[in-house]
Each structure stands twice: as structure tokens, then as C-alpha cells.
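Read from first to last, the chains carry the letters A, B and C; within each, the first residue is number 1.
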Amino acid sequence: MIEKIISLLFLIGSLTYLYWAQEFTFGTLGSPKSGFLPNLAGVTALLLSLLLIFRQFRLKKTKNKDAVDWTKFLFILIGFAFYLMILTIVGYFAATFIFLFYLFKVADTSGWRVPLAISFCGSAAFHLLFTYYLKVALP
Amino acid sequence: MDILNLLLQGVSVSILPANLLSCIIGVLIGTLVGVLPGIDTVSAIALLLPFSYGMDSTAALIMFAGIYYGSKYGGSTTSILLNVPGEAASVVTCLDGYPMGQKGRAGAALAISAIGSFIAGTIGLIGLTLLAPPLAQAALAFGPPEYFSLSLVGLILLSKLTGTSTLKSALMAVIGIMLSTIGLDSLSGISRFTFGIDELDRGFDLSIIAMGLFGIGEILTAMTHADAKPDIPSVKFRDLYPTKEEWQRSITPMFRGGIVGFLVGLLPGPAATISSFISYGLEKRYSKHPEEFGHGAIEGVAGPEAANNSAISATMIPLLSLGLPFCGATAILLSGFMIHGITPGPSLITERPELFWGLIASMYIGNVLLLIINLPLIGVFVQLLKTPLNFLMPLVAVVTLTGAYSINNSMFDLIWVIFFGILGFLLQRAGFEPSPLIIGLVLGPELERGLTQGLIICNGNIWTFITRPLAATILSLGFIVILYNFVTWFTKFNNKRKELDANRS
Amino acid sequence: MENKAIPATSKYPDKPITLIVPYGVGGGTDLVARLLEKRALEYLGQPLVIVNKPGGAGTIGWNEVAGSSDGYTLGMTGVEIILQPLYGQTKYHYLTALDPLAQIAELSIVMVVQDTQPWKDLDELIRYAKKHPGEIKFGHGGMGTTGHVAGEMLAKSADIRLEQVPFQGSAEATASLLGGHIQVLFTNPASVKEHVKNGTVRILAVASEHRLKDPVFANAPTFREQGLDVVCSNWHVIAAPKDLPVEVKNKLVKGFEAIINDPEFQKNIEKLGFEFSYLGPKESQEKWLTENQKLSKTVQETGILDKIKAQKK
């Protein structure tokens, strides 16, 4: 099922890409311009995704994959989004601390104190490592 | 032999206390840089450049070189343990290294990777010692049409790399190419597909996509298992080292990888990354157990890791003999040279032999040091795997994100890492292999540049383009291999059909 | 211009100053900036923090400098601040949005050919080009860069047709020249110095006002000397957003003047392959204006502007 969705997405993606690529001149063989490769690549992708979808509708087998906990997936994504948003506001240390704790909870770790402690140590360690030893400018 | 004499002289230079110390510091930093996702060799060396002003030139350069090849040892560590490539060149190691880790063979994978790196690194150095000037000249004969041919043939052959569906892999590769066109194109001077978003002008950084697809993707997969958390097999001591069978299967790949990496390293482009992919493809082709690839085939770790280390030695050749840096890391090494008043080039060997040979000798020593450092660390690293997944994964997520941010100091990049993480997660579930996308991303620019420049040079004449001796050779070889593959596939297809018919009647 | 945070001028600087390098780590500009970083504490009273913001041929970094107002954000600039707005829409018009504080060095462009080529000097090449229009291919570091502009300027003033081959950076272009894939190369002297010394590469002309100081190149005639109006060079200038309080600006100017004129700094700059050339804020500003005038004319006349516009329909 998901295979077909992805292939369809790729098909739409290639079409969109090709559409946007029309903005660039194709050029000539002696003087290829910026639209040369994009057009070629876009057309190839289009053909391939068409072939793929065609083939998928002919064979009906789907592989059985482990079930996925989509709720957790959603929670993790929300966590990521939240982390990105607060990163610039409260700074690296605080944001990472909150984020780590959140993720630990989503990942079903038990108790409060251990996750809290590890979140604290983790954020501190990373902060130190990246800021002082590696001189990276963290938010 | 004259060269041996010079090399021995170099050894005497490189074991001077100051130089030896720099070597040790360099390889240590290099290993750390390789292990940490996001911090790359170029940044590390650039950060240390100002500090090196006070140092003696030879010592400084030995240290920088140490960082350079040291990082290729460390990069495989996180790939094997966590499916997060520490460096773009270690992406391929994730393919078979990580499954090995999941099966409890992480120690073996790490060991083979370290030893393979050592053997290949040394092979590369021998090549560098003996053949530097002539090889450099030979490399110059490759012009844009040749790069195009190499990229084209490489793409076609390599996109068959993994997974069971050639069609899917091919599509991923083309998408990789399409992604690589986004951004400011130096060939035409305009930004493509950026919709006025300045940040997109930079294009997609290979590391960002790799860390997202593989790293975050794996984290998402691991954290969303609906079933009970998978048991991490407890690692016994003897599991830390490879079995005899694993050894035997790895020896040839190591040597093959060493040679392939060396040859690829002579050419422009992200040599270590490309050579690791090529080695993977080669090993899969020659392996007696091709179906194991992608699920923990030791050759898939031995070959690529060897390749990316010998590629490093090879990239030093154009740098030292011609003063031409063909990849980011050698470019910054060049800056390191120049800051100390040394301009590598044809006259370097004659004007500063003690520097040249001292540097090369230090690279041999450095490789040995790295082996000594890395092997015992394997035990330490494997302990990491014992951490319960639910503690480990969030920590890895944070390290990956932080590392990704640090590449360009850009929040924008973080959004992309997560986006590609989600994409990687979905792709895995849909049976698409992410690695061809990386190949497309890496080779796409080479392809386009070779094509555009080549056509201009040949005045738009395709015939001239493909009849250049080198280009023609590459294209014909590629064509023959593709034809051979097609014929084998067709025969198998035919045989299967005959079987089915026979069974029916 | 509302809501600008005016820095406390008497205490300035009281916290580290950010210097934005709009290129990747390890590039020429980045290394110059890091040289500055080394001595900043002494001369400016506060450390310099280098932040790399690569992308958009520099525009990403410059946008940030132009958009800042706290007086603690500076940027490294090059000739691209003039060229980029000419080629297309940029967020700010850098010439008016930025204020130069000091020029550090100049990078000139040289025209070189392989030793094995038959043309001993520029005249011979021009004569050949007139007889075989479009046959000579010249390489450069990217569309719209100084190498490209210099090449097109030559084509126009000598009235010949040259085909340009864009490369991504000077290393690739130099490799192509040495391999014989292109015939001519316009690039910075540092890239080819060793090869000129070695004799494998011959230098035909220099695109600057005066001959180069470096002994290896001292014998190379300038284009001007040979009767052609081809002058094109890149430079490194530290810039601040416009409208900084005068006191703040003066403190910065004085501090940078001291750092840059320090003899050791000069030596290091030259080691990197750049030609040291200090200019104060006023001279830099004048230079920006004249360069802008000149380059606007050039990119139009040589057709570079059209070529770049032609990439989009």
C-alpha cells in the first residue's frame, strides 16, 4: 500500500520538478544551459515512476513489515517540531534538555528521575563538547 | 633503492618528538571528528589552522594530515553501531555494518573495518610513495568528457547496488540527481529551484541528507516498533573479534578496496565517498554470497572501509605533486601548507624533501597508531550498544541534530535533516533503498559539469566527445558490463519462464 | 530605520564581535578572517567570533550583516557584493546597505596558457584567435566571477571570440589547463604559481593596474601595458551595516587598521597568496563606487549579463 503511495508521490514530484525546470533554458549541444540536465533528469524520473506504478498495479504482493506505532511516530514528529521552535528561543542547553526528556518518555522509559538525570547530563555534555571543544556556535 | 633511502630519512624526521606528538594529536582528533556526526574534517582543520601558526611547519602539517586520514577510521564507528554515518564516506558502511551490529557482530565489523582501513591506507601510501609524479600526470589526462563518462557509467552500475528492485533503485538515483541540481549553479551563475529562499542557494549538503535518511530514519524506525523492544543480543567477549570465516571473506575485499580507492582518489570529487560506493558494488558483484548484502555481509564493510582510506592517500598525490586540491579536505590542507609558507607542487619534492618525506613517513606511522588506538576502543564502543534502545535513540537523535546544525550553523538544515529522516523512514517501509539517492546526489554534479564543460570543449560535437580515447574506453567498458548484466538477467528470466512452463506441463 | 538598538558607544566593544564569512570554511576569505581573529583581542579589545554562512555566492552572509543593527555583526566582502546585485535580484543593494571599514588585500587575475602552446605572448594569441574565432576555450572559476569577467573583457577589447568554460573553483580549472583540455585560464596567481615557477605554465598578462610584486610574476606585463583595457580584481574588505554610530565605527576602523598593518599579519596574508593592500574606510568606499560604475558597464558590454539572464527563460 505504502509502496504505491510513495511511487505516486515520486510521479507527482517529477512532474512538478519538470514544470519548474521549464523556467530554465535548455540550450544547445554546443552551449548547454542551466536547463539541460534538469530536464533530462526530470523526464527520466517521470518515466521510471510511471513504469514503477504500472508494475505495482500488476503484481499484487506486498511484503509484511513489522507493524508501526503511528501514534508514537506522530509524537516524535511533534517533538522534533517543538525542539526546532524553542531552540532559538531558550537556547541549546534548555531546549535539548526538554527535548531529551520528552523523547525518553515517548520511548517508554520508566520513572522520572533517571530520564531527568540523563537528559541533564546529556545536554550538558553535548553543549560542552560542541561549544568549547569544537568551537561550534550553538543557539 | 633511492626511494627507500628517502623514506627512511623521512622516518627519521617524523619520529622527532615534536612531530610524533603532532601525529598522535592529529589522529586522535581525526578519530573524534570521524565518530561525531556533523563535524567534518574540513571544519576541524580550519578551526585549528590559526593555532598552528606558532608550530613548526612540518609538525603542523603532520597533525593536519593525521586529522584527515584519522577521520576515515572513526566514521565507520557510528555507522556500524547506530546507522548514523559519521561522515559521508561512511554511508556505505551503514548498509552492512549496521545489520551486523544488530546481529551481535558489531565488534567483528569494527575490527574488520579498522584493519581494512589500515591495510588499504598502507597500500595507498605505498602507491603514493612510489608513483606520485607519474600518477599525477596521468590524472590530468582526465578532462570533463572523461568525468562525465565515469559518472554516467558509475551511476548506471551503482544504482543496481542494493535492494531487489532495479527500477526502484534507478528512480532513487535519478531523484538524487534532481536534488543535486537545487541551489546556486556555478556553471550558469543562477540559482535553480530555490524559489527565492536564500538558504537553498547552498544546495543540499551531502552530510545533511545522509544523516537524515540513515540516521534519523533509523531512529524513527527503532522508536516506533509497535512490538516489544527488540532484544539486544548480549555481547560476549569472543564476539568482539571476527571469526576465521569472516577473516577469510574479508581479505580479498580489503585489497580490492585498497586498489579501487586509490585509483578513484586521484580524480576530482568527493573521492572517499565515491570509492566506498564503487567498492561496495564490486564486492557485491564478486561475492559468493551476494544475497547477504544489505543484511550483514562482512565484505560490504571490509571493501568500502578499505577503499575510503586508500582514497585519502591517493588524494594527496594531486595535492603534493601538482598543488591541486581535488576535494574539500585537500583544499584546506593546501591552505594549511600555504599559511606555513609552503606551496606544494612540482618543486616541493626537490625543495623541501624533508617535509615531503617526513609527511609521508608520518602517515605510515599514523596509520599504525590508529590501528593501535581503534582496536581496544572496539570493546568500549560495543558496550554502547548495550544501552537500552529507549535511552540510546533520543541521545543519538540529539547528537545527530546538533552535528547537522554545526555544519553550516543553519536552523534551516535541521528542518531538512528531519524531513529526510521522515522520508528515509517511509522509503524503508515502502521497500526503496536510500543509498542510490546518495549516489545520485554525489555523482549528479559531476555528471552535469562533465557534460556541460565537455560539450563546450568539443564544440557541441557529440562524436568528438565520445571518441576521445579515454572517454571512449570508459564508455565502452561500461557498455560491455551493462550488456553483460542485461544478458545474464535475460537468461535467468528466460530460464525461469522455461521452468514455469515445464512445471505446468 | 526605527527600533535600532544603539550600542553603548563609550563602552563599545563590551562583548565579542561576530565576523560573518559568507563562504565555506577553509576558503580564501575564511582564512583571511581567521588571521584577523588571531589578533583581534589585542587591537579591538574583544575577541572576534567567526561565523561561516556560505551560500548564494555570498549573499546569505551579506544579507545577515546588512540586516543586523546591534553593531556587533560585521562581514567579509569581496567584489561579488557589486557583481551579485548586477546579475539579479538580491535582498539588499550591498553597495548602499554596507559600509566598508578596511580593505585588507587584493587578488588579481592572471591569464595563463600551457607551456606547450605555441603562443609566446598575448599578441600571438590574439592573432590566432582572430583567424580561428571561437576555437580557443578559456576556463574560469564560475559564471560571473572575476576570472570570467576578465576573460570577456579581453574578448571585447581585443575584438576576438573566445569560448568560456565554467568550472567550480580554480583547482579544477587549473587541472583542466594542465591536462590540455582548455587552452587558456584566467585565475588567481596563487593557483598557478608553482607551475609558472616550474615552467609548465606560461603567463601572458595580468589584469591589474600595476605589475605584481611577487618575484615569480614580476615579469608579467599587465593588459594595460599591452594596450588592452582589462582590469579586474577581487579584494577582501571588512564591512559593517550602514548607519553605525560614528564612535563605534571609528573604534572598529582604528582597531582593524592596527591589526592589518601589523607586519606579521602582512606576511601571513602574502603567504596565502594575496597581495597585501590596506585601504581605509573612505578610500574603500570610493573604490566600491568606481568599481560599481566600471563593472556595471563591463557586464553589460561584454554580454555577461545577457548570458546569465539567458539561463532563465
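Heads up, the rule we're going with is that contacts are C-beta pairs under 8 Å (C-beta built on N, C-alpha and C of every residue); 3 or more make two chains touch, one makes a residue touch a chain.
Note that the coordinates shown come from a computational prediction; the quantities given were computed from them, not determined experimentally.
Q: Of the chains present, which has its C-alpha mean closest to the combined C-alpha mean?
A: Located nearest the centre of all protein C-alpha atoms is chain B.
Q: Looking at C-alpha means, what's the farthest chain from chain B?
A: The chain lying farthest from chain B is C.
Q: Using mean CA coordinates as chain centres, what's the chain A-chain C distance in Å?
A: Once rounded, the distance between the two centres reads 37 Å.
Q: When the centre of a chain is set as the mean of its C-alpha atoms, what distance in Å lies between chain B and chain C?
A: For chain B versus chain C, the centre distance works out to 33 Å.
Q: Taking the mean of the C-alpha atoms as each chain's centre, how many Å separate chain A from chain B?
A: The answer is 22 Å.
Q: Which residues of chain C are in contact with two or more other chains?
A: Touching at least two other chains: 51, 311-312.
Q: Check each residue of chain A and list the ones that touch at least two other chains.
A: 24, 33-34, 137
Q: In chain B, which residues are in touch with two or more of the other chains?
A: Residue numbers touching two or more other chains: 47, 187-188, 190, 409, 452, 456, 459.
Q: Quick check on the complex: what are the chain A residues that touch chain B?
A: Its residues touching chain B are 2-3, 5-7, 10, 13-14, 17, 20-21, 24, 28-34, 36-38, 41-42, 44-45, 48-49, 51-52, 55, 63, 65-70, 72-73, 76-77, 80, 83-84, 87-88, 92, 96, 99-100, 103-104, 106-109, 115, 118, 122-123, 126, 129-130, 134-139.
Q: Okay, in this complex, where on chain B does chain A touch?
A: Listed in rising order, the residues of chain B that touch chain A are 36, 39, 44, 47, 167-168, 170-171, 174-175, 177-178, 181, 185, 187-188, 190, 192-193, 220, 223-227, 388-391, 393-395, 397-399, 401-402, 405-406, 409, 411, 414-415, 418, 422, 425-427, 429-432, 444, 447-448, 451-452, 455-456, 459-462.
Q: Considering the complex alone, what residue numbers of chain B touch chain C?
A: It is residues 42-43, 45-47, 49-50, 53, 139-144, 183-184, 186-191, 198-199, 201-202, 268, 318, 322-326, 328, 331-332, 335, 338-341, 343-348, 408-410, 445, 449, 452-453, 456-457, 459 of chain B that touch chain C.
Q: Inside the complex, what are the residues of chain C that reach chain B?
A: Contacts found on chain C: 24-28, 30-31, 34-35, 37-38, 51-57, 59-60, 63, 87-88, 91, 134, 137, 141-144, 163-169, 171-172, 174-176, 178-182, 190-191, 193-195, 197-198, 200, 268, 271-273, 308, 311-312.
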